[in-house]
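Working notes, structure below.
In this document, chain identifiers A, B, C and D correspond to the written order of the chains, with residue numbering beginning at 1 in each.
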Amino acid sequence: MHMEKSTDLRKQARSAFIRSSAFQRLILIAVLVLLYGFFYLASPSFRKYTTLVQICSNMYYTLLMAIGVTFPLITGGNDLSMGTGLICYSLIGSYLMRIYGWPLWAAILITIGMGVAMGAVNGFGVAKLDIPPFIMTLASMMFCRGMGSILTGGFSGTWPDGAEPGAEFRNVFRLIVKTDTGRMPVPLGMIWMILLVIIMSLVLNKTRVGRYTIAIGSNKEALKLSGVNVLKWHIFAYMICGLFTGFAAVTYAATFSNITPGQGAGFELNAIGAAIIGGTAMTGGSGSVFGTFLGVLLISLLQVGLPFIGLNADWQLLITGGILLGAVTIDKMRNGK
Amino acid sequence: MGEVILTMKGIDKSFPGVHALDHVDFEVRSGEVHALMGENGAGKSTLMKVLTGIYTKDAGTITFEGKEVEFHNPREAQQAGIVIVHQELNMMGHLTVAQNIFIGREPRRGLFINDSAMNDEAKKLFAQLGIEINPKETMSSLTVAKQQMCEIAKAISHDAKVIIFDEPTAALTDAEIDQLFVIIRDLRAKGYGIVYISHRMDEIKKITDRVSVMRDGQYIGTLVTEECTKEEIIDMMVGRVIYEEPKTESHCPPDAPVVLKVEHLNAGRMVQDVSFELHRGEILGFAGLVGAGRTETARALFGADPKQSGDIWINGKKVSINSPKDAVEAGISYLSEDRKRFGIVLKKSITENSTLATLKNFTRGMFINKPKEAEVTQKYVDALKTKTPGIDQLVMNLSGGNQQKVVIAKWLVNDSQIMIFDEPTRGIDVGAKQEIYELMTRLAASGKAIIMISSELAEILRMSDRIIVMCEGRKTGEFDIAEATQEKIMSAATRDIDMQNRKPVQEGEAS
Amino acid sequence: MKKLVALVLALVMVLGLTAAFADDYHFEIVSKGFQSTYWQAVLKGATEEVEKINAEGKDKITMNFVGPDSESDVAQQVQQFTSALNAAPAAIGFAAVDQNAFNDLLKEALEKKIPIIGFDSGVPGAPEGAVYANASTNNYVAGTVAAEGMWEKIVARIEAAPGTVRIGEVNQDATGESVTQRGLGFIDKIIELAAAKGWKVAVIGNEFYVNGVKGEKAAEADAKIIIEAKVPAQSTVELCANEASVLLNEDDLISVFGSNQVAAEGVVAADKNLFKCGTGDDTVIAVGFDSGATLKAAIREGVMYGAVTQSPVGIGKVTIDLLLASAKGEPVADTDTGCAFYTLENIDTPEIADNLYD
Amino acid sequence: MKDLLNRFKSLKLVRIMGFNRVVLIGVIIVLCLIFQVLSAVLNHGNVFLTYARFTSAMNYGYFIGFLALGVTFVIATGGIDFSVGPVMFCAALISGYCFNNYGFPMWVSLIMCPLIGMVFGTVGGFFVSYLHLPSFITSLALMQIAKGVGSIFTKTQNVSWPGSSDPGGWYRSLSNLDITVGGQRVNIPTGLIILIVVAILCSIVLNKTKAGRYMICLGANREAVRLSGVDTRRWEMLAYVICGTLAGFAAIFYVGCYTTVQPVKGDTFNNEAIAACVMGGTSMAGGLASILGTVIGSFIIAIMQEGILSMGFNIAFQYSLTALILLGAVIADVMSRRRRN
């Protein structure tokens, strides 16, 4: 860690463009285009509009987590509790609806609320008790993994679906329009996602939350000396992550029906991986929401695309692993050792 | 000089085991530059930290603009109008200049930060200071000097009444220092009260109106700069006069064999075509201003940083050094100027640090021979008079001087014939300094070849048998001690720049 | 010293307790899963049966029902089974994730004379005499049932079809005993039925299923029917959905089978974008397995044509009965808890509805 | 009270083991008692403190233990390894597959396990130490790759190692040796013995050899070690190699107790391994590592999951409890360091 910090100045001294994360994003976009083109040529059925929809609806919850985790990552931290947390929250949400007959909106609020709360806990542990972020969130990850089924007694939940009342909330993510040729799905969710990406990049670059998030990652001591209440903003960064995990939980429940406890471990790794691919540095201080967006797009494109070219499932793992390594290596090359 | 705006009376502060401030008095008038001097550990920085609310005082009163004040955090102090330009610049490298200046009090439009307004504000500030800096640049892409200018701009933007400069010139080139002084004088004219902490006598003479001196956490006294001499101040600082007699002639026999020969060494911008020879038993001083490329030369020679070209001979044998490993095996050792980061492993014991470079000599098969290790460590602890309860003491619990001794011990254990001392006495108090000097002399006498990089001209003149001067990455002069004078060295160190307002660059407090 | 004393005291106390808590019959049930609605249904059946028997008052039964996180976690289940053995119960109900992992433990049970009752997929290939009886669904048969149910709906269309037609199959993995059996049962049955019509069938996709088929396979070129078996990278709904959407994008696809709840839900999820599935003549005939809110909804909306349900509740009940009998030393015999194909027509008939769960 | 505590702290044994370790052992004892009582009360008079339960708990402790030992080395150098679980599975899958399908002799397959692990360790180590990639990300990628390779090699199939009665089944006695004394079948936990032996070796390597000294020091201040003329990259890489090898070694004991391995699984073991060594007092900041602590940590995890079962609780409790104990340990550690500074 502290080696990176020490060479920071020399890093920055290098040519501005290569250094700029814009460059990394450019590479990423190029890769995306190439990959899409490749799939496009390789498989006729991939060309269908519906495949695009598939790619979109496949990425919603990962994207939300990734946007969230971008903030802790920029502070130089991490959040491993997202995956199991996501399942835990949406599970409890559905439990309240099914068993206690809570209304949908209340369940949604609780689900998101729990996310924020867990974020606050993580933030407190990291910022106040200065527990290494990795350990703190590892602990809350294990905690969530158990908590879901402890509270619901091993019940596996479903959110309203099909004809049930409240099932409409799924239309928030997928609108069906009738055309003369038949029905056509419109990935409404994508619009919200893009909206969120825009909003969060604004938050990151144009508000105090974002400004101090970057500052914490860049030089926490300096920020303290400037008389900023570091503790508050540091916790805030984790709460944002929690909030988006909450969103992700709802989205997950909306796009897939059945939520099984004990699942979800590993979701967060995709999200973190995506953020890193998007050019957010593990050392903190720099990162961009748009980059994260591209990162998730890449992963989703792979997950959906690879089956189309008849590549056996297990190769997908190999390739995603390879791409992750590649991305970080490029990043290193850019910034020098 | 205006009326008194800040008075500190009987300030007392203790840390576990240390009585850092012992009833210190200090005052600042508006429109004066008030120097605060003292050896390292005299309590200068502590006093200022108490003033700016980073530490809370145990006893005493602070009166600012007539009313007694008590700051609990830097914020309160800033708001009251007391700001500090820190010695280790506290900036956030990833943010832009303007963002740094206004961190914590960004102008906002609704929810959003109004960056354009911020940039304009920053522009105004720089105009006011007469500096050319683009507020939109990222902080880390600026030179140290410019970063410091930003710090000053930040200070003024707090519409401060008292500005504290803590070792402002430690890392500046002379041209930059001059520019800084212009600004400081301008601030004084505008009626700011300025506290100026520094070691550099001539700076004090040049820029300050009054000098207050501290020693061992106590307030010694205040003098008016014009009316006092360097010597008086030094006496007050060290409590005793120490003689730093320059060497008159080389102690190294003329026929001493060449141990190290470097030819056409190139490593980046800071090391350009450097060539020199080093003889057995010789102390070769590397003089020059901060940032002249001496440390870079040493690091390149030692293999710590990659080099583009250059040949190195040791005892007439050509060697290729691409990593510190090669260097150490070739019998070179390097004592970095930044001990904590590059010298020692703070979390580990004296023993572990002492044998770090030479562990292979302390192994039976693959196992470490702990008794032997302990024995040797103890030997050097005694030899160097390292003050420690025991050899298992963690290095982080030792004072700067003793830490330096541990580093030296590490290399002595390695018994390398060529030793590079980079700022060997930085951040070390007078007593320990003396010991280090004697030690180096003894080492040279015992036949080691020593390169000493120092920014303190007195040190160079006192220790070296031969002096190499560098400037902007080039070797610009080489003198035998007999013929070397301050003027010659300085002119080489600053090349064509005119000699009038020149002064030697001296040691800066280690961070 | 103090600690020691405390420890001794605690032990004494505890041993006292243990005496006080002995029951007539205590059964340990180690299920294959715990946290899916299917297993909850099995648990429900078992609990009801236990309460019923205790209510009758002849015998006093207690039961401890455990199962691993996911239906593939061998380590957890071994630990649970060992723990069950150590609890020295009157009998153990057991559904093995992977029977190879349990041979030694089953032998140990045999030595300890603890009766084992297999349920759900049972404990195939267990050492002689260890398993007293099975209350299990024959998954291979269940697969064939799905095939038959689907066949009658699609046979006409295959006849009508000019070229080859494609039948898709989504399996959550190629490792789970029951899933693989169903998958293979389905494929074999299709081949058999096709053979009766004189059609050749090609099987492509995941190697395991391709190689596992008993019936004889034709080359893709000269086949009338192509069966494509898909397996996702990991057994989650979303990844199943990705595989399913690949199938649904094939223009010659006429039907698809999701061989368990997750896979079937994957198919439904994928169709949410593609609208290929339905019960009409131009739509893809989707057949699922087990139930759950999603599948039931899908069938009611006519997205999914039908599904095969086992009788989880029934399995639970029967298992308890067998456990009790074996514990008493009475002779017990295997019971096939059976399975049934259901569509919109019969979904509400009692014999089906009772076995469906949310 | 206070001086009592201090007197306790100054006991020779305590000083050797380190106060925190001793506390952890206390935790184990307390846990055992709690489980003993609760499993009797809650689960129909179950008894927790029995030899059988002890051995079955240990079965879980073995492979977690070996994984944790490996991770300890990596964490000591200031890194993190998130791939040990899948690597262990990958090793077990490939070598087991070779035994079943290519008729490799058992001893060859057994040797293959650590070798395969070593390969992964070497690759990871290379990326981290020579290309300076962040260890977390590298191990993430490696984890995916391990899963992929394992499942490609075995054609997405489970691999079941032979049972004790089958040919080649002798490997099981590495983890549990069944002997009959007077008609009584007794289970000797050989795995425990091997684990302890390996642990001792590890702590010798870490504390008594050059390699260990360098690893710990470069964890604390990499640059200072490099400038002392030490080839840090080599020693850092070695840590990852050791970690990978031990992960492969763990595979032997995993199959020794659980026979069957699935492809694309094993990530959850990462968390437990890391938790075990952090509990044991190995610091994420590097420069501080305790093998004894790691072993105790793994035992706590093992005992916990057995206790949960014996109380008849849902497996889920295991995770949450582990999390809480982990947090407790870390907070205690942080606090004590605060007080010292």
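As a working rule, a residue touches a chain if its C-beta (ideal position, glycine included) is under 8 Å from a C-beta of that chain, and two chains touch if they have at least 3 such contacts.
These figures come from a predicted structure and were not determined experimentally.
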Subunit D and subunit B - chains in contact with each: A
Reaching subunit B from subunit A through chains that touch each other, fewest steps: 1
Centroid comparison with subunit D (C-alpha atoms), farthest chain: B
Inter-chain centre distance, subunit A versus subunit D - centres from mean C-alpha coordinates, in Å: 30
For subunit B paired with subunit C, centre-to-centre distance based on mean C-alpha positions, whole Å: 73
Residues of subunit B whose C-beta touches two or more other chains: 341
For subunit A, residues contacting two or more additional chains: 2, 6, 149, 154, 261-262, 312-314, 316-317
Of all residues in subunit C, the ones touching two or more other chains: 34, 69, 206, 231, 233-234
Chain-chain contacts as defined at top: A-B, A-C, A-D, B-D, C-D
For the subunit C and subunit A complex, residues of the former touching the latter: 34-37, 40, 69-70, 206, 230-234, 236-239, 241-243, 245-246, 249-251, 261-262, 265, 268-270, 272-275, 292-294, 297-298, 300-301, 358
Touching residues on subunit A, where the partner in the complex is subunit C: 45-46, 48, 50-51, 53-54, 57-58, 98, 149, 154-156, 158, 161-164, 174, 182-183, 185, 255-258, 260-263, 303-304, 307-308, 312-314, 316-317
Contacting residues of subunit B [partner subunit A, same complex]: 54, 73-76, 78, 86, 90-95, 99, 103-104, 106, 108, 111-113, 115, 138, 140-141, 341
Subunit D partner contacts - residues on subunit B that touch it in the complex: 302, 304, 323-325, 327-329, 334, 336, 341-348, 352, 356-357, 359-360, 363, 366-368, 370, 410, 414
Of subunit D, residues touching subunit B in the complex: 204, 208-211, 213-214, 216-217, 220-221, 223-231, 287-288
